[in-house]
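Written out below as structure tokens is the structure these notes cover.
The first chain written gets the first letter, and so on, giving A, B, C, D, E and F; residue counts start at 1 in each chain.
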Amino acid sequence: MSKTITFGEVLMRLSPEGYKKISQSSTLEFYFGGTEMNVGASLANFGNEVKHVTCVSDDIVGQAATSTMKRYGIDTSAVIRHQAPLGLYFLEVGAVMRSSTIAYNRAHSAFAGIEPGMVNWEEVLEDADWFHWTGITPAISEGAWKTLEEGLKKAFEKGVHITADPTYRKDLWNYGQDARSILSGLLRYSTVFIGGVNEINEILGTSYTGDREGFIEAAKTLLKEYPNLAKVFDKVRNGGNASAQKISARAWNGKDYLETEALEVAHVVDRIGTGDAYAAGLIYGLQHYDDQKTIAFANAACALKHTIEGDVNLVSVAEVIDVVEGNISGRIKR
Amino acid sequence: MSKTITFGEVLMRLSPEGYKKISQSSTLEFYFGGTEMNVGASLANFGNEVKHVTCVSDDIVGQAATSTMKRYGIDTSAVIRHQAPLGLYFLEVGAVMRSSTIAYNRAHSAFAGIEPGMVNWEEVLEDADWFHWTGITPAISEGAWKTLEEGLKKAFEKGVHITADPTYRKDLWNYGQDARSILSGLLRYSTVFIGGVNEINEILGTSYTGDREGFIEAAKTLLKEYPNLAKVFDKVRNGGNASAQKISARAWNGKDYLETEALEVAHVVDRIGTGDAYAAGLIYGLQHYDDQKTIAFANAACALKHTIEGDVNLVSVAEVIDVVEGNISGRIKR
Amino acid sequence: MSKTITFGEVLMRLSPEGYKKISQSSTLEFYFGGTEMNVGASLANFGNEVKHVTCVSDDIVGQAATSTMKRYGIDTSAVIRHQAPLGLYFLEVGAVMRSSTIAYNRAHSAFAGIEPGMVNWEEVLEDADWFHWTGITPAISEGAWKTLEEGLKKAFEKGVHITADPTYRKDLWNYGQDARSILSGLLRYSTVFIGGVNEINEILGTSYTGDREGFIEAAKTLLKEYPNLAKVFDKVRNGGNASAQKISARAWNGKDYLETEALEVAHVVDRIGTGDAYAAGLIYGLQHYDDQKTIAFANAACALKHTIEGDVNLVSVAEVIDVVEGNISGRIKR
Amino acid sequence: MSKTITFGEVLMRLSPEGYKKISQSSTLEFYFGGTEMNVGASLANFGNEVKHVTCVSDDIVGQAATSTMKRYGIDTSAVIRHQAPLGLYFLEVGAVMRSSTIAYNRAHSAFAGIEPGMVNWEEVLEDADWFHWTGITPAISEGAWKTLEEGLKKAFEKGVHITADPTYRKDLWNYGQDARSILSGLLRYSTVFIGGVNEINEILGTSYTGDREGFIEAAKTLLKEYPNLAKVFDKVRNGGNASAQKISARAWNGKDYLETEALEVAHVVDRIGTGDAYAAGLIYGLQHYDDQKTIAFANAACALKHTIEGDVNLVSVAEVIDVVEGNISGRIKR
Amino acid sequence: MSKTITFGEVLMRLSPEGYKKISQSSTLEFYFGGTEMNVGASLANFGNEVKHVTCVSDDIVGQAATSTMKRYGIDTSAVIRHQAPLGLYFLEVGAVMRSSTIAYNRAHSAFAGIEPGMVNWEEVLEDADWFHWTGITPAISEGAWKTLEEGLKKAFEKGVHITADPTYRKDLWNYGQDARSILSGLLRYSTVFIGGVNEINEILGTSYTGDREGFIEAAKTLLKEYPNLAKVFDKVRNGGNASAQKISARAWNGKDYLETEALEVAHVVDRIGTGDAYAAGLIYGLQHYDDQKTIAFANAACALKHTIEGDVNLVSVAEVIDVVEGNISGRIKR
Amino acid sequence: MSKTITFGEVLMRLSPEGYKKISQSSTLEFYFGGTEMNVGASLANFGNEVKHVTCVSDDIVGQAATSTMKRYGIDTSAVIRHQAPLGLYFLEVGAVMRSSTIAYNRAHSAFAGIEPGMVNWEEVLEDADWFHWTGITPAISEGAWKTLEEGLKKAFEKGVHITADPTYRKDLWNYGQDARSILSGLLRYSTVFIGGVNEINEILGTSYTGDREGFIEAAKTLLKEYPNLAKVFDKVRNGGNASAQKISARAWNGKDYLETEALEVAHVVDRIGTGDAYAAGLIYGLQHYDDQKTIAFANAACALKHTIEGDVNLVSVAEVIDVVEGNISGRIKR
């Protein structure tokens, strides 16, 4: 059983029922999530031993967030408590051509207050063989960046597998540092790249196109620039809208270009966390399968997440494999 | 900023959760709506100053209806209270080929008891530049008809823009007068016609066909008969069912035939009030855009309303313009 | 097994959750009730064969009302459908010193439209041995009064037991007839009087006081004036407020004055229908017990109804007897 | 008016809201259903007089199940109460390619404890002209099988129409008897077969293919082997998934092959009980229409059930006929 | 009709249903409130013209907060929008001896970012005759303090009535200034003091006792020190717990000591905002009644608020007067 | 930090909202609980390391039960999965004099199927210093009894503290063994007795009275008969009903009689699990305090549980200590 470490902010997500707006509602449904925790929870659900490192508020909200992680089977022994609120966001869910709208309240969160030295990385990384990080974390605050760097260095030294999902979310970078140089720096301590042409162009300052050829060229260039990286995994959304999606996966593993057929999700239940489901699927695949089956597994996991409510992909390995094997009739399982 | 007057009944709509029937439920979700108020609320949301003239019950239900109008930013200073219940209806929501079912309780409503002289039209119309009415109001009671006529005359004299949506709802006409002659009479005090071939045939006693040519001919004849009317705006539903719709808009502006591309709403959240969303879109368009952009705006507003719960189109001008510009991917807005 | 006939309006009751006001809510909880139907449902629950005679709307609401009666085990074969809405009321629930507020919408209900000749009383009364009526029914409309009178006459002729609860609800009497003379007339066809000094004074035009002596004198006078009446049953509320009640029962059976100890209900769950629970308890008691046990049973039934949500007293005979026997500890029954 | 007898277990179905998993929920929605009761309830809704014979728990759950049957207009005078829990199952609803998951708790249910002699079949079958059974009942327990056999023999003797839906649900057969020989035996007391090639192959031990020709051959062979059977009715699901279905019906009536066009249900509200809706539609059709209209009615009933929440098809005959006549636009009915 | 200005933060309150903890819940009920806005909303409900001056987030949450104020009939034309989240708090509701727990997230709220110059006080105060402030506002941030001071000075110059409720909430004062000197300074621009011995001791640095004599002495000293203050109004909680309260009011009006009888609230529905209800009752009383009736009105308003869900006292003047007149039986109002 | 082992069945509890009956509801609220797990969860909440040993269904319900235990911070590594349903019960909540009603479905549960040898007690008990058992477990099945005995023997040998709560629940003992002799046998492996005169009389076949003297005599006799037992802890309910309780605690510690003052819970939120809260309070007290403070802590914990929804006492040590110290005003904690 793999032991995976994830590090990142846990947010509370608050949204009105169905497609309502806050001004039409008197209650809000809530979930705790966060891109890295979502990956960890999905991996825990797939059978990994998972420890999530984060910093939560020292109050009833932080307690509830920690309870939720426990519920997902995540080891919370490295969760820090801090005298600041838990980050949160409000979500009004869109439909068809109407976009979902998000309002964040995370700028002064407990996690944003994390500082190097607060996490005992040596202890956290004991026996770990996987570490997953994303571009969200270094964007939150200088302390978050430095703490991540601290952990990544130690993990890289120990030979842990490190998956990087260096998404660049412009709005988050508010502490006056250059996103590209920070993300590039962190990428030096990673072994697998999760991202597509946009992310590669962002890191390298290049302008590859999004088609197959562009992707292969971009991936090749990335692997040359970052010899520590062995593979590049991308997911593709073909058209679609807030209620229907069509997704596929592709990869460059340093030798071959691989891709999956597209899966159609004509009824989207919840779009949040689908990318995280893909990342978790990839990691599980890399732990158990060859690259071709890995992307099929990741793509199926991602598709299935669109049918699950909340941030976390609660499907089992067996359910994913079912879809990988083409069983998409959705017949009742008695 | 335009100042718009709407006049009509506010109804309470009561429906079981989801697709349930009343006999399966123990709670009912409710909204306050009414075709003219819906138009007013959408215009208020778009930035118009809106005053809705109506008569509500002098009880806790009427109070709640008035609170709701205030919440939408509607000026309720001309709302009358009357010792009779607020009109209401029960709605069981259909899906796919199963129709929604409505049961009305409005025949002896507070609004049905309105009488000429109860509304101070002089005061209401001060500074107003738009008045919107529909064929529902004169169908409710003789008092409602006469009160509308009173207001329309005054508005017409003052040179206010007057949009008429003279829908003919047969079941409502129960007070022994001839619908056609009443609607025709009221149309004399209007400047824009919202309706299609069916409505025109109803008014004129003609039998134009519903295709492009039929529409143009019908519109031309109407404008000749009612020289006070300058333009005719129609919306078209192409097939579809209770769960999926495809809509477009067309117009005859006295000179040109204009039409939009169809917008597909493959997942209908709430069909009630989509025509009102179209009317509000039209009015806003006429206030700000040329005719072509006006119908595109109205059609997009109508499409978006299908994704909004409740009677009122709560989308913003920016959201409508997004769809007008072809951004229909429904991506999350952070 | 007794076969009981009840006759009266079935209303839909709509109320916000908990202690909210309509203007704070987006859903309403609903129940179907009506004083006579409540009595019938409680008796059906106690094991009586019960037929409720009423007139409901010929729509989805009337269907749901009928389904509810069936669910309670009431025979609905004599329910008439009529092209008018079901009567309904909105209830905002009070607490402590804050009163509950009710807004009615029943003036033009399906039941108000009932007319003599619409009920086949001969068939309805076949094998019946009990008939229960209240002062609400003749207050609703002339048709309701006349139809009740029609049924009462036939039942009285057949020697059926007839319980009269001639509550005088002033606001309801709107069709221009004199309540007192109508109620007095109907009382001639009754065998048991349910009511206290207020009701007797109303009927007789007297002014007896509410104390024990006053009650006995009033009851004696009533029985003298209406020799068809054999007994008078009253219930007493001692102080209390919207959240807490203390109740007892008393009777004059033509010979003796009887009374019960008070039962305290320190936490009122639902106050609606408690008087109906008392009436049903009385009827069941008269069918099975002596007068002393009858009032104890009725008082306990009434107390228990305060702990039941909705209009109908859903407790069993065994639960009532438990309280009659002094078991008021409310211990869990496994 | 036909009088139909149904016999089988009533189960409680418990499921989280929407597409949630139990571990994400704090409440469960529940319905009472059961394949034969569902057929009965739909027929009661269509106007049949229906008596459902079953055995429920002698507790608050069994009471609620019985109340629900009454609500549907089912005669519950032959419902037995037994000191064992009501059978139940938990359902997590799937979407698109994700299957729904069911966990049963029925092995030691009240119904499983039924024994021959407990049902007074003579009384139950008085005046009955239809009896419907399914392959679920004999699978539950030896007592259930024997009790069904008892009833079927008597019904067959009386010349009652008997519809058999001998679904073979492998997981249920746990009491050590051979399913095929038991189902074959029961089929001797039936007049109409509801099922397709799979069910026929199961019974006959054959291996006909699922295409048109295979179906006709299988049906012919079945009718030859079971001369008491007059007709074979099948329904076909064309592809689809948990959120969208396409269905049609076909039949061999001993002389002709009949089939319907496919109906598309692009938005599935609730898939449970759709087969039962088909069976009820068939029975109603056989009571009123020719075979071609019968399968059209059954197919339309089945399609409509996909849009109804809960186990029971609550649509009216008029709604089904509407779809049979091609009115599938789902327009609001006011 | 009085025109009242209130100024202060609007917060979102989020709490689990009933007495649950966040970790037991999947939804949260929410209300918008804030001590000064609560006072304003109650006064609007009593018939005052009320303008609330505040700063909300420029997002979907701020929009909903503004809608809510409109719903209460508050003039929101002076509401500022700011690029920071709306302040909020989580509330787990206690019962009996278990305290409610609150977790705040307001330190970097939109309102905390308000700065002098952002409010056009001249315009805001036009025609105003009442201004209400509390000690919460200057505690939030230096900007909030200075903006309040700006407004108070102008109002005081204009001779507006100014009610001060200078509650000292220690935890809020985090920007490094001395609470006492700031509150004392603001008190110079006030005409009525709402508070008791604790508040007076805090301001004056005295140590008066809480009994009647102590209160009178404290009040006298306060009025001497602050000659601009004319009267002191206090409310008293006698024992009680999270589920039951007993409250009374007392005052020193510069000449006489006045007090009310205690009102018992044996079933607390919602304790939040009860002090604000008292303040609003006081202001309304001062506008309409003598001092004795004023405290009776304020005390009754406060008692009634304990029976209302949410932050705002939604009772009418008539309901308050009813309690003032001793009608505390809570009988249903039909 | 103590390491506590609990062993027993986990049940799902399903109940309608508020005070409704199942027949009035369409949803059920659910919790997972079980007397020993409740004790474990409360101790985990107080800071103990807790491992709960149990056997759950191998399905979605068992998964959810396990998730819930994780959420409470319970170590679930010794949870067994078994092919049988999770035990469950339905609860209709009573009020005032109306009892709650429970209907069980646990006779053939996964836990009832546990057998000696299935639990690796050696591993489970590693480092453990506390073991808690109740009389429910041996009542469930012979396998449950034997498995408990197996564990108790090993724990007793290891010198672990063993708290016995040998409640005798007559209805559960259905496998043909003598409850008294089994309970007596298990008591030999225990060090602390939780129970009162009823339980002692049951075990010893004596008939001590429930007053102070009777309790002391009974306790003395028990300790003489079972020299392994050191102390006897009892809790007392003084009158009360389903909505209000008054509780105190008393003990005989082999030397002294100790007792607490009574705590009044005038508003009961949830009565289930209050005895378990007492037991957990006792165990925590015995780990940290002297006997007098231990019973005060246990009594306060028990009182507080009456204000908590669900089976588990979610209050913190600090909240309990607050009540122990007399802070019962329930003031809001900000």
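Operating definition for what follows: a residue touches a chain if its C-beta (ideal position, glycine included) is under 8 Å from a C-beta of that chain, and two chains touch if they have at least 3 such contacts.
Keep in mind that what you see is a predicted model, and the values were worked out from it rather than measured.
**Student:** What chains touch chain D and also chain F?
**Tutor:** Chains in contact with chain D as well as chain F: A, B, C, E.
**Student:** Figure out the least number of contact steps between chain C and chain D, where 1 means they touch directly.
**Tutor:** The fewest steps needed to get from chain C to chain D is 1.
**Student:** If you fit chain A onto chain B using only Cα atoms, how far does it have to rotate, to the nearest 5°?
**Tutor:** 120
**Student:** Quick one: point me to the chain whose Cα centre is farthest from that of chain D.
**Tutor:** E
**Student:** Which is it for copies chain B and chain D: same residues on both faces, with over half shared, or different residues?
**Tutor:** Since fewer than half of the residue numbers are used by both chains, the interface counts as different.
**Student:** Roughly how far is chain B from chain C, centre to centre by C-alpha average, rounded to an integer in Å?
**Tutor:** 45
**Student:** Which residue numbers or ranges of chain A touch two or more of the other chains?
**Tutor:** Within chain A, residues 21, 23-26, 67-68, 71, 101, 104, 267 contact more than one other chain.
**Student:** For this assembly, give the contact graph shape among line, ring, star, complete and other.
**Tutor:** Topology of touching chains reads as complete, every chain touching all others.
**Student:** Hey, which residues of chain E end up touching chain D in the complex?
**Tutor:** 24-26
**Student:** Can you check the complex and tell me which residues of chain F touch chain E?
**Tutor:** 71, 263-267, 269, 303-304, 306-310, 314-315, 319, 322-323, 327-334
**Student:** Which residues of chain C touch chain B once you look at their complex with the stated criterion?
**Tutor:** Against chain B, chain C makes touches at 14, 21-23, 25-30, 57, 59-61, 63-64, 67-68, 84-86, 88, 90, 92, 101, 103-105, 107-108.
**Student:** Per the contact definition, I'd like the list of chain C residues that touch chain E in the complex.
**Tutor:** 18-21, 23-24, 94-102, 104, 169, 171, 239-244, 267, 271
**Student:** Contact residues on chain F for chain A in the complex?
**Tutor:** Spelled out, the residues of chain F in touch with chain A are 67-68, 70-73.
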